[in-house]
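Here the structure is laid out as structure tokens; the discussion comes afterwards.
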Amino acid sequence: MGLTEIRNVCPVSLDIPAEKQEKLHNRWHPDIPFAGTIKNGETVKIECVDWTGGQIGNNDSADDMKNVDLTRIHYLSGPFEIETAEPGDVLLVEIMDVQPHDKHPWGFSRVNGFAGVFDKNNGGGFLDEIYPTAAKAIWDFEGIYCTSRHIPHVKFPGLIHPGILGCAPSAEVLATWNKREGELIAANKLDRIVAQPPNPENVHAGSASEDIKAKVGREGARTIPGRPEHGGNCDIKNLSRGSKVYLPIHVKGAKFSVGDLHFSQGDGEISFCGAIEMSGVITINFKVMKNGMADLGMKSPLYLPGPVEPHYGPGRYLTFEGFSVDHHGKQHYMDVTVAYRETTLRCIEYLRRFGYSDYQVYLLLSCAPVQGHVAGIVDIPNACTTLGLPMDIFDFDISPTGPAKKLDMGSCAFETGVTEGKVTKGGANSEHSFGGGLTVKETSVVEGLKEKVVGS
Amino acid sequence: MGLTEIRNVCPVSLDIPAEKQEKLHNRWHPDIPFAGTIKNGETVKIECVDWTGGQIGNNDSADDMKNVDLTRIHYLSGPFEIETAEPGDVLLVEIMDVQPHDKHPWGFSRVNGFAGVFDKNNGGGFLDEIYPTAAKAIWDFEGIYCTSRHIPHVKFPGLIHPGILGCAPSAEVLATWNKREGELIAANKLDRIVAQPPNPENVHAGSASEDIKAKVGREGARTIPGRPEHGGNCDIKNLSRGSKVYLPIHVKGAKFSVGDLHFSQGDGEISFCGAIEMSGVITINFKVMKNGMADLGMKSPLYLPGPVEPHYGPGRYLTFEGFSVDHHGKQHYMDVTVAYRETTLRCIEYLRRFGYSDYQVYLLLSCAPVQGHVAGIVDIPNACTTLGLPMDIFDFDISPTGPAKKLDMGSCAFETGVTEGKVTKGGANSEHSFGGGLTVKETSVVEGLKEKVVGS
Amino acid sequence: MGLTEIRNVCPVSLDIPAEKQEKLHNRWHPDIPFAGTIKNGETVKIECVDWTGGQIGNNDSADDMKNVDLTRIHYLSGPFEIETAEPGDVLLVEIMDVQPHDKHPWGFSRVNGFAGVFDKNNGGGFLDEIYPTAAKAIWDFEGIYCTSRHIPHVKFPGLIHPGILGCAPSAEVLATWNKREGELIAANKLDRIVAQPPNPENVHAGSASEDIKAKVGREGARTIPGRPEHGGNCDIKNLSRGSKVYLPIHVKGAKFSVGDLHFSQGDGEISFCGAIEMSGVITINFKVMKNGMADLGMKSPLYLPGPVEPHYGPGRYLTFEGFSVDHHGKQHYMDVTVAYRETTLRCIEYLRRFGYSDYQVYLLLSCAPVQGHVAGIVDIPNACTTLGLPMDIFDFDISPTGPAKKLDMGSCAFETGVTEGKVTKGGANSEHSFGGGLTVKETSVVEGLKEKVVGS
Amino acid sequence: MGLTEIRNVCPVSLDIPAEKQEKLHNRWHPDIPFAGTIKNGETVKIECVDWTGGQIGNNDSADDMKNVDLTRIHYLSGPFEIETAEPGDVLLVEIMDVQPHDKHPWGFSRVNGFAGVFDKNNGGGFLDEIYPTAAKAIWDFEGIYCTSRHIPHVKFPGLIHPGILGCAPSAEVLATWNKREGELIAANKLDRIVAQPPNPENVHAGSASEDIKAKVGREGARTIPGRPEHGGNCDIKNLSRGSKVYLPIHVKGAKFSVGDLHFSQGDGEISFCGAIEMSGVITINFKVMKNGMADLGMKSPLYLPGPVEPHYGPGRYLTFEGFSVDHHGKQHYMDVTVAYRETTLRCIEYLRRFGYSDYQVYLLLSCAPVQGHVAGIVDIPNACTTLGLPMDIFDFDISPTGPAKKLDMGSCAFETGVTEGKVTKGGANSEHSFGGGLTVKETSVVEGLKEKVVGS
């Protein structure tokens, strides 16, 4: 007699610390016990905490962002047993809906997320050499739309999605991960952290016994990177409502986990926790495809996006081009990462003309639904990428028609001691000219930030 | 009394060698003389030769592809003087149309282009370590659609565009290019060519005097890479009909050039000359934006796509995920290039199940309108990219529903001595497993090719 | 400190009869008292009952549908006072979200709506001469998608929207309505009801006094038709999430009302209450545009759709053509209504081949997001319309490739005594041939229904 | 060895009168001889003259439009024999391309079309009671785009398509047409022509003998209306490049004809010859589906649109609503035709504020790619339709933000003696108020036209 109710297999509390809730965990490991069982073919609701487990507040300071404890993040909901699932099968995950959480204890936070620029010493993002300071923006959700008091004159519908979903690795897959990432760490000569090895600090293994928990601490893979064998933290903005994701299954029962919900994200999620992070509930239908990995020739997840993505028409995307020549004028060989970084800088320079600070644009590009494309990657030595910015998310005209009129853009939230009031000429961008004599003169940088760079 | 005719400012002949035509050239240099003058606001037609200048034939052998003389390529139409253009202005180039050439001497070639996999010793592509042999496909054009006898069961409308367009560098910009690319070449320790320095061999400087031509040969920038200061060979598939491109102007009169027309291309143009190359005619409207570079805060070109791109709906793109773990199982640090290469391999493995050879898919991905996105690039150590394949270009169902039925897919064109008939197990893909014990068994490789790899 | 909560200005109960709730009403009249006050610029939530006020059950019989009391329908939420609104202003209504109701008392009905074919004696629909029997389908909602046990092999995302929204008429506008509709009724020679005059039976005037209620009963406009001066029951399927609707204001405070929420509807809503009707909550932002009617030259509402409509790509719409020759072979003069009716019959005939009954298709076309276009309306004597059916809502291939394979399609819900089991050849469609000798032979009709036709 | 050339099966001359060219004809009749033979599976080019056969000039007077001889129009290319086609089969017509003609004798006309408002005495259009005077606009084609000196500030890409295509009727189908349209004519009590019966005047039957020609003149169906049995003049704007049309076949060899090419058209083609008419060439692939009519349950043509339609995003369509209350305030019963007429008037009133004359908007709506939808057609007595106007075809902002600023819009072409200079208050729109006291005051009408109305 019809659908009566969609079962909630993972009620979570926003009042109780994440590490005390048995249906959450923060490592990938085959021995974490099942948090529940889902039938093959069933649709269920799964509640999720935001990826910091509530470390960030709805306020106008980025100090909480700066002080995030990265060993206490990415609490995932699960792992769930999917009936009939066996290694070699594929789990077809159809995302029926994602919604912000309805029961946040503070009331207001229920409709707020955040997009943060990390402090360099605490992870850092894609442009952290140029923009090293912690900053954040709080976003208000009204139905499908979000706006931020920290980035005015912008409104857009969320391309809402989970940042993380996947099935547990087998012991063998896990060993492979630890070996290859360990080799990268061992070989590292960069002045930065290149990967996160297993770390027992603050490990949360769900309802595991102390013995298992200790083992998970020693061996469990960190949740930060996505990985080819199962997906995980792939941060694909288009895995939104209506998507069908095909996930490899490595252990009996699949042990599916999900979390790190995003109200919206731009391609690249460039400022690290740059998506609009939120707690919420995801509704999923699960189906097992027996022998799917061999049948589909599948080594990594694949997916079909849903039919309800926001769409603006191709002509409404102002598109920036970037090449693998960095902002110091150095030529790199076919480096798509450098090219995409330059592309985002071109966009920052463009939007700065309207009165936005660079930090505001940096935050915006990481969470608005910008399209980051690989364009040409075979014409030595320059890779070329593009970034498409939907013009219709602004309530004023940003099209390239001539000089821009500056608007009052307020400020995003900074860490204590930094304000956007101290703006000066020069700074990061004064050294930013790759070719020829026609330097674009207008640059700006936060003075306090510049001093910080000099001082650090 | 209305429009009477659109002026053709660049008639070219497909019978006369490109190097003998004064309105063509194959270097970027400010001293190449104007090939004609265009009014500010005028719409004109510009004919273009294909990028090899006619070195490739409509046949079933890739030998011509293998033997392409790379010093005799990329003959561009121009440079054109745009009236009133001054350094610091921006040239607004509106692409009103691009069409295949109507007057090819051989009759049949008029409606044919090609997409080629280069021989590794002659440039090479994105996957040349895995697929080292020269191969090609000939495409027939019927109106907006193309098909290939070398890649059956596929038909798609062209997202037709110029691979190369830009204004001439100033002497200062040119010097910057030569310096920074020279430094890359000097520092190179890879076992491959990383950039092409100026080379007087087969230089073509349009109607230049011998003195100027010699200077252009010594100093002129090669046309292979795109460059941030002017665009050039950016190979952006969406610069199609209806697009408005905003180009920096570095010299008086702009000296605009265009060429390397593509009937279609996938994001990345992964097999080097992977787009469907053609001769044809482009119709452009030109407008000068005075002081545009400063007004727009512009260092690199930007553009607005046109409204007539083929569109399939988001749910019609089967999307593959790839990470910066290479197919030998090695972990790379945040390398988008590696991730995108892996993503294309996932797609090759998927389509192989339907009977296509790897070379056919490689050719297809470089010229069909696949969407290559930067997904997540901040979750150390794994960059994640996606490749969206429009399912509707196939005349059979490629959706992930289970085991695939192999169809008769014929063969693409190979160099002499290589055939797809000699298929064996093993080869490049047998070493292709990054994690765990669940290796997908079904692999295939051209035996002749494998031997070639071993032998080379 | 950010958004704390979106105010709910209209809590409704699904347990208490609609006619007993003071924030609901079922007539358009300027004297119905305000149900609450909303600030200019405010975003609020407004709960709505389904348009029958709960007369329909989640069961497999259409008897309740047949017996709906049409004097007790269309209970609207409101009217709300919008601060600062004056006659001549325009109310900008931005639909931030629409969601099915979360607190239905029966549990299961919360995620269910219905699409019904009315009994001819009780209103009737667009094709009621051909399909005269009451039938219905119950739809289950799972996130953005709906499915029905009564119409198998179909799933689609809701283009969710309010069927009715508008501001109250002034006394003068109301008098105009009553006069012109009264003239139509007076002149009626058809054997059917052509309009619904004011009717005091079961009038609900919100919190009005008995005197006012009696006046509203005598004068108040019925809610069934939309009307040009204010919109009302316009049933525009694209007034969905993200839309901005511009509504004329006729009375001080605007007196805005909304209701008749639809999870989805096809263009035309052809089976009368054909949309998927539901109770739910709509989130709206209100802004007053002073002097907007004159400034915009506006006599009727206009709107901008939102950016999140489901999209499939134009090539995924199987499109039927119909002309103003009816199914008895009679030529009508430029009659778009006849043309659209024929267009829907063409689609019914097409889908019938896969095993659906005509009633199932009729129900489906009224609630799935089909695109009904006016094509040509100037080529005497034939108007031409088209109906685009999104092929991707079916889980099997409906493309026109050859003979269809019949699937087990079960049955929709019928009134007592009618079943689809009694299927015979002939019936309504046997007389359905407009031209020439090439009659398509395969027709089907429900025997019980045919007898009913004969008997009625 | 690949495609060598696409065969042109219908070269036409723009210098020779249409009635003297044997591959053209202007009636539907089974006895018109084949104009050529096309293989099953073949792709061919077919040239077409514009639908007036060259009666209209590229000038600034509408006198030629006023004086068009309607017995000498709609010269179609064909009929072509499609090999293997038999009655009962379906002809799958895939439109590979449509392009304006390249060889027009006058040079300028080659890139020009026209959109005309007919003189009421010579056919008339959808709004001819309100706008009775002949007017026209000449459009210049530059690649995919068109602009008009007669309607400034507008540019849009053509949704290029044939207005007419279909297979010949059998003798039996033809007899049905003549009977049913004859009955309509016989029963006509309107003060206007309701259908065009067979008429031997200026009949053109291709290469027919005099006897056959006389028979075609007596019996042949006029080309003006589309008809359900074969399509014909369906004027569906989306039958554009890439579309697949499925046409019923009634005679051996199919006898396929095509003509009346449109560079662009709005839904409804409201001003009769309102599309942008042109001569040109259409490229078509033909396939015969044996027994297709029965297999597909098909009585009228159906089609799948192509994937390259211009697309703007749903939020870029400013959408007007209209109801079946006419502009005299009269209530009609469920009349979609009235509703759509009112919808177009709402749009005219809106755009008039920017300085356009009503005639300019009327012309624009008939040829720009406006979306005309059937919205609600079951809520007695009001049908509701919508008209979506793509805002991005204007080079200024038409969004509903407040009072409009009038621009210099010049004038469209009128018949001799009428100019837009004589503008006055009042006229057609002064009587245009359906409800209440809030009449929008700003109206305008061409004085000369008003006098003409009074005088005629």
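By written order: A, B, C and D. Residues from 1 in each chain.
Heads up, the rule we're going with is that a contact is a pair of C-beta atoms (placed from the backbone, for glycine too) under 8 Å apart; a residue touches a chain by one contact, two chains touch by 3 or more.
Composition by chain, UniProt nomenclature: A, B, C, D = Probable formamidase.
Owing to the predicted nature of the structure, the values given are computational and were not obtained by experimental measurement.
Engineer: More C-beta contacts across C-D or across A-C?
Structural biologist: If we tally the contacting C-beta pairs, C-D comes out ahead.
Engineer: Going by average Cα coordinates, which chain is farthest removed from subunit B?
Structural biologist: Chain C.
Engineer: Please work out the Cα centroid separation of subunit B and subunit C, and write it as a whole number of Å.
Structural biologist: Distance between chain centres, rounded to whole Å: 51 Å.
Engineer: Centroid of subunit C to centroid of subunit D, CA atoms only: how many Å?
Structural biologist: Each chain's C-alpha centroid was found; their separation is 31 Å.
Engineer: When the C-alpha atoms of subunit A and subunit C are each averaged to a single point, how far apart are the two points in Å?
Structural biologist: About 40 Å, centre to centre.
Engineer: In subunit C, which residues are in touch with two or more of the other chains?
Structural biologist: Residues 242, 306-307, 309, 311-315, 392 of subunit C each touch two or more of the other chains.
Engineer: Over in the complex, which subunit C residues touch subunit D? Could you list them?
Structural biologist: Contacts found on subunit C: 87-88, 125-126, 169-170, 172-173, 176-177, 180-181, 183-184, 188, 190, 193-196, 224-229, 231, 233-238, 242, 246, 248, 250, 267-272, 274, 289, 292-307, 309, 311, 313-315, 317-323, 325, 329-337, 340, 342, 346, 349-350, 352-353, 371-386, 388, 399-400, 402-404, 433-438, 440-442.
Engineer: Within the complex, which stretch of subunit D touches subunit B?
Structural biologist: The touching residues are 1-6, 43, 58-60, 95-97, 107-108, 110-112, 138, 140-145, 149, 157, 241-242, 283, 285, 306-312, 392.
Engineer: If you look only at subunit D, which of its residues touch subunit A in the complex?
Structural biologist: Listed in rising order, the residues of subunit D that touch subunit A are 311-316, 392, 397.
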